Amino acid sequence: MDHRLVPPVATEGPALAELRLEVRAFLAEQVAAGVFVPHVDTWLTRWDRDFTRELGRRGWLGMVIPTEYGGQGRSYVERFVVTEELLVVGAPVAAHWVAERQIGPSLLRYGTEEQKQAFLPGISRGEVVFGIGMSEPDSGSDLASVRTRAERVEGGWRLTGTKVWTSGAHEADAFFALARSAPLDPAHRHDGLSQFIVDLRAPGVTIRPIISMGGDHHFNEVHLDGVFIPDDRVLGELGDGWSQVTSELGFERSGPERVLSTFQLLAAAAQAMGDARLPTDPGLGRHVARVAALHQMSFAVSTALEAHENADTAAAVVKLLGTTEEGDIADYVDTLTASGWALDDDLSQLLHAAILQRPGFTLRGGTNEVLRGVVARGLGMR
Amino acid sequence: MTDQSRRPDHPDHLDHPGHLAAPTTADPDLVDLLTGLFADHRASRPTPTAVVDLDRALWGRLEELGLTRLTGSEASGGSGAGWVEAAALLGLAAGAAAPVPLAEHDLLGGWLLEAAGLPNDGGLRAVCRPDPSGVALNVTWARDASSIVALWEDRDEWRVADVPVGRVGLEERRNLAGEPSDTVEFDLADLEAGVVVDHAIGEQFHLRGALARCAQVVGAMERIVEITLTHANDRVQFGRPIARFQAVQHLVADIAAETALARAATDAAVARAAASDWQDGGMLFAVAVAKSCVGHSASVVVRGAHQVLGAIGTTLEHELHTLTKPILARRTEFGSLHEWDETLTALATSAGHDRLWNLMTTGRATSRRRPAE
Amino acid sequence: MTDQSRRPDHPDHLDHPGHLAAPTTADPDLVDLLTGLFADHRASRPTPTAVVDLDRALWGRLEELGLTRLTGSEASGGSGAGWVEAAALLGLAAGAAAPVPLAEHDLLGGWLLEAAGLPNDGGLRAVCRPDPSGVALNVTWARDASSIVALWEDRDEWRVADVPVGRVGLEERRNLAGEPSDTVEFDLADLEAGVVVDHAIGEQFHLRGALARCAQVVGAMERIVEITLTHANDRVQFGRPIARFQAVQHLVADIAAETALARAATDAAVARAAASDWQDGGMLFAVAVAKSCVGHSASVVVRGAHQVLGAIGTTLEHELHTLTKPILARRTEFGSLHEWDETLTALATSAGHDRLWNLMTTGRATSRRRPAE
Amino acid sequence: MDHRLVPPVATEGPALAELRLEVRAFLAEQVAAGVFVPHVDTWLTRWDRDFTRELGRRGWLGMVIPTEYGGQGRSYVERFVVTEELLVVGAPVAAHWVAERQIGPSLLRYGTEEQKQAFLPGISRGEVVFGIGMSEPDSGSDLASVRTRAERVEGGWRLTGTKVWTSGAHEADAFFALARSAPLDPAHRHDGLSQFIVDLRAPGVTIRPIISMGGDHHFNEVHLDGVFIPDDRVLGELGDGWSQVTSELGFERSGPERVLSTFQLLAAAAQAMGDARLPTDPGLGRHVARVAALHQMSFAVSTALEAHENADTAAAVVKLLGTTEEGDIADYVDTLTASGWALDDDLSQLLHAAILQRPGFTLRGGTNEVLRGVVARGLGMR
């Protein structure tokens, strides 16, 4: 029992069950009205600012942001339930995803009062759209090696460098950039990093698309050429960037989007198997079981976050197992599929999208190799 | 009377009461008691052997503590606890490879007697479902029981009979784990004299047995995580502890992660069973999820642990096989992994595209409340 | 005339002649020619795009070298080579992600025309098996063909028709790899006018198509091994090449090992096909083994390669997806992986305990010679 | 093509096919006559000196030993075919396994003329039974750390130390022991090791059983307490022990016993599925395919050995994939199996034996982790 990595499972009470059904009914109406077409991996690939604003109007954004900052002042477990319902139906949620998951909690924890007032109400209404700028061309899993530098100037800083894999930067208003505000000390590689809130429309910002293997544009390269950041847009403590970005990993890694990116494909496969368009196979049940168990685990982690418990290791477990599973679903359905004999456009579109998105599942937000290391460390092995 | 009504209150660690239903972990005092008890057993037991016999001394101690009939009603001499506590007991006992028939005697046998309104003298019970000819195979601990509780399907009726072991034919056999797993042949008259019970008892028996096995397997897995970690940190190869090798770290991380998944699936089913006294319409799904996850995780855990431990872990004197063999033996009981996956496939395909998620969250393929149209 | 009779002699590297049958590797001069040709193509082609169109310049060059009709009989304007050479060509072309319909034009279309005794003007052929209503789905390269060779089952008879593309209805679609994969609708009169061929042609068509896909997938996998290795040795993270991390070494080792297994299964089937001109009774088993191994290995290789390459490998400009997408597209053609595994299951269960090994060594469930009793 | 790890597949000619049928017919007769009961992992667990001698009489031992040393002077590919037939039928071959696979080839390569004359004829007749003494309690995968020491004495050496995992030592006549004949030089850990031919009945040899988790006795601990080894029982060059033991890995690792240990279980499962005693499932086909492909790969390696090509990396690939597969077969059949409803004694005995033996498959002869490292090195990664 000493080595239990994940908090005990919890059971949803009636209030959460009601919330689920409320969100579910709304989404069913939206699908029926053709507002969106259910898809896979929509938290990266489906961008709809109108839909995002509608969620804000319904009180389903900024749920864990206190009401004094325009949020809903509700709980992490409520947010969890809303998030799951949005994901499983394949709704277009990319526009608010980063702000809702990471930016809001980070601002609440590290932001100044002025920063909170400036950004949180807009985030909660779904009007202010954020990105994240951590990775760089030469720093993949090795984040401490970022080269973007922040130089002290009158009244603020000038940022110079290149960020990559910034999803939605071409549509977003601002992003958080991790930069080196003091020279690299090889003995203390994690020191001297700071976070800055960067207006993506500021002079010196150039955004270039990174086209994905399927031909889509979700990611960007963001070039910062001496972009001026006023002092009041430094996030948290100068030089504390490393601990700030890593402290939020529990939030970034344990969410249901690390399990449910391909849920629409799994549901379509269940339908197709029931209709004899796919062969009946016990592998479907195996995947259903794993997703159901991961739903329990992910919910358990959200109760720990709610209770302000450290959940970094638990989050790594959820992400490791969850992203593997959501990718395995794509591969599994593919092994059942024969081309050339029947056209099943819905299923094959979901399948192809899932196959094209899959490689990213076990890379983004910490590779599986990095996560196994995190789990090993959590077990006392390193 | 639901299990829930019997459980002590736990502090709810959430700021928002009402979001979470009944707690899902056993009373910490009980867990401490059990942990100490089985740590003692582990410390004092003899070197492992290839055959495993009932530990009557341990059974006696458990009996004194009221643990052998933990879930029996107090009226019938039980301790009146629920499945959450029973699962903790099963898991910790399995983690200590304790050779005692807790699941058979209490959760299955005792429950059947109570459901049938039959008396329970507290004597050790084995349990089985004989076929129409009265033969039951792989009846664990049968030879050690004073009587055997039989659940028998007879021309569309289910009957429960409590048959003294002296009245049955018994061929001694052992399962993969070396435990007694006997063939029992009943006199049909004894079965025909059984008490008729509700049809639901038949299905519930299978679910209860399956979930009890899950609780045991997960408990054994959790002990394996400890053993594997200890070994990795202690064993030196190529001049350093093997825990420093990335390949070993990844093996152990996978073992621990799969164990956590199996634990989550099992605890979720146990919580649902406890909250509804097995009346929840989602029990079949919940137990199937647990049995499937536990079964597939077992492949990863057993294999990975032996790989980390190396040849030393394959010797009779080592603790590891006292955990891995029962894990694999229990995996095949109360339905094969393949059957449970087929059950889940059938549930999922009958739910179809629009109700699969409802199945996952409630265990039922149809929603209780249809969205307004 | 068997393929074997056409193959150049190779030195037998064994001391004991007669132990090994026909050589299984293509003529080294041909392999060198092809390797250079496709290395040129790889070096000179434009940046990858999401849609992939026929490379007419490359096709022209292949035509000049006699490679587009490599296996056609010399009498009909082909080069008279066999499946061993054709598999080498397919593999190296696939390793260069060359957008040319070699399998469709030569191994399937050209073969069908020859089998039916129909003339072949050398114009680019696509090939398909329309359904009874005359519709064929996922016909690769159909839009680029001058005519489409249809194999059509009509009231228990198989017919082959060579229908000019101008006479068919064509809906342009693309497969996962972005290649043309069109829906073709024939005028039934054109199909009914086809030449009746032997029933065996129908089954052989499916086997030939499946094995051609295996040869392509394995060729792409072999290139992936190279790309993955290069990246692992070049990419620096945490101050050293990622090839120094045990986890990366193990990912690459698994990719390379699975590729080797897929290669062995494919080459064994190709060798059997070449040695018997597809007349060997074990062809179904040999192709099924190849399709199953290649398909399952594809899961490991595609996933592992993307994992090693990281995010850069998911970009449109990177070579990796020009290999992984066709691998997955081809895996679903000529029968799903699930179907081929079912075929193997059926063969194995009908062989049963005593003949399973004979099935594995000869491809036939019954032995040619019964042991003396 | 540069990175092809395994030699091209080869096709058996008619002579080999004839040999197969000849061996197969003999074995079928033996099974029918009840001489042995087919089982799993018989090259470790089934010991029958009479059967071994019978194979010797038929010319199916010492096949690659030249006739001048009492062998058959045949080819590696012929030996391969005979070996496969013995393994798939689950014949009791443990008594001659180590001598046939490793000792014979090592003696041929490194032994003196006197040593060859002394041992090879007996090995070829199946009368001289050998073991191997490499592993020690503290040296698992790290063979260079062996502590058994050889001290120079008049006319020879005295060996002191403990060898473990010596299969069949309690039945064997002699074994090869790897020992340190010069003090450890930490900078050159592989130097100073030598191989000795040790008579297991010599004074100072104590053999204690190591009982396996199933309760069986196959392995032993061999204590050497100043055992005298005359100079003429040093194998090969003094101090060359490391290169001698590693140079034979191609022979040890590529053999069909790294694939076929559970073939009898696979065959029984195919029968049970056909008889509807197991559910029909495509997983069976998948395993049949992999075993068939591994048979091709393993045969290909044997042709390379025949041609005196280095096959260490290829052998590591065969062992890595093969031992994983033979173990996965046990796990697969187990997932199809339900206890309590039908007794199928043949199948369950094979299954239980396979489960109990399985952990050793991916450990003995080089763990999977070590082998992946060998493959990575073969690819130029280390």
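Of note:
Note that the chains take the letters A, B, C and D in the order they are written out, and that residue 1 is the start of every chain.
Keep in mind that, in the parts below, a contact is a pair of C-beta atoms (placed from the backbone, for glycine too) under 8 Å apart; a residue touches a chain by one contact, two chains touch by 3 or more.
As the structure is a computational prediction, the values presented were derived from the model and not from experiment.
Between the chain pairs A-B and A-C, more C-beta pairs are in contact across A-B. Work out the mean CA point of subunit A and of subunit B, and you get 37 Å between them.
Measuring from the averaged C-alpha position of subunit A to that of subunit C gives a distance of 40 Å.
Each chain gets a centre from the mean of its Cα atoms; for subunit B and subunit C, those two points are 49 Å apart.
Centre-to-centre spacing of subunit A and subunit D amounts to 51 Å, using the average Cα coordinate of each chain.
Residue positions of subunit A touching 2 or more other chains, listed in rising order: 281-282, 369, 372.
Under the contact definition stated at the top, the residues of subunit B that touch 2 or more other chains are 245-247, 250, 296, 338, 342. Arrangement of the chains shown, judged by which pairs touch: an irregular graph that fits none of the line, ring, star or complete shapes.
By the touch criterion stated above, subunit D contacts subunit C in their complex at residues 1-6, 8-16, 20-21, 24-25, 28-29, 74-75, 77-78, 88-89, 263, 266-268, 270-271, 273-274, 280-286, 288-297, 300, 303, 306-307, 314, 317, 320-321, 369, 371-373, 375-376, 379-382.
Residues 13-16, 18-22, 24-25, 31, 35, 222, 225-226, 229, 232-233, 243-244, 246, 249-250, 252-254, 256-258, 260-265, 267-268, 271-272, 275, 285, 288-290, 292-293, 296, 338, 340-354, 356-357, 359-361, 367, 369, 371-372 of subunit C are the ones that touch subunit D when the two sit in their complex.
Those residues of subunit B lying in contact with subunit C across their complex are 245-247, 250.
Within the complex formed with subunit A, the subunit C residues making contact are 49-51, 128-129, 136-138, 175-176, 178, 181, 183, 235-238, 245, 247-248, 295-296, 299, 303, 306-307, 310-311, 313-318, 320-321, 325, 328-329, 331-339, 342.
Interface residues of subunit A, counted against subunit C in their complex, comprise 135, 138-142, 145, 164-165, 210-215, 279, 281, 327, 331, 334-343, 352, 355-356, 358-360, 362-364, 367-369, 372.
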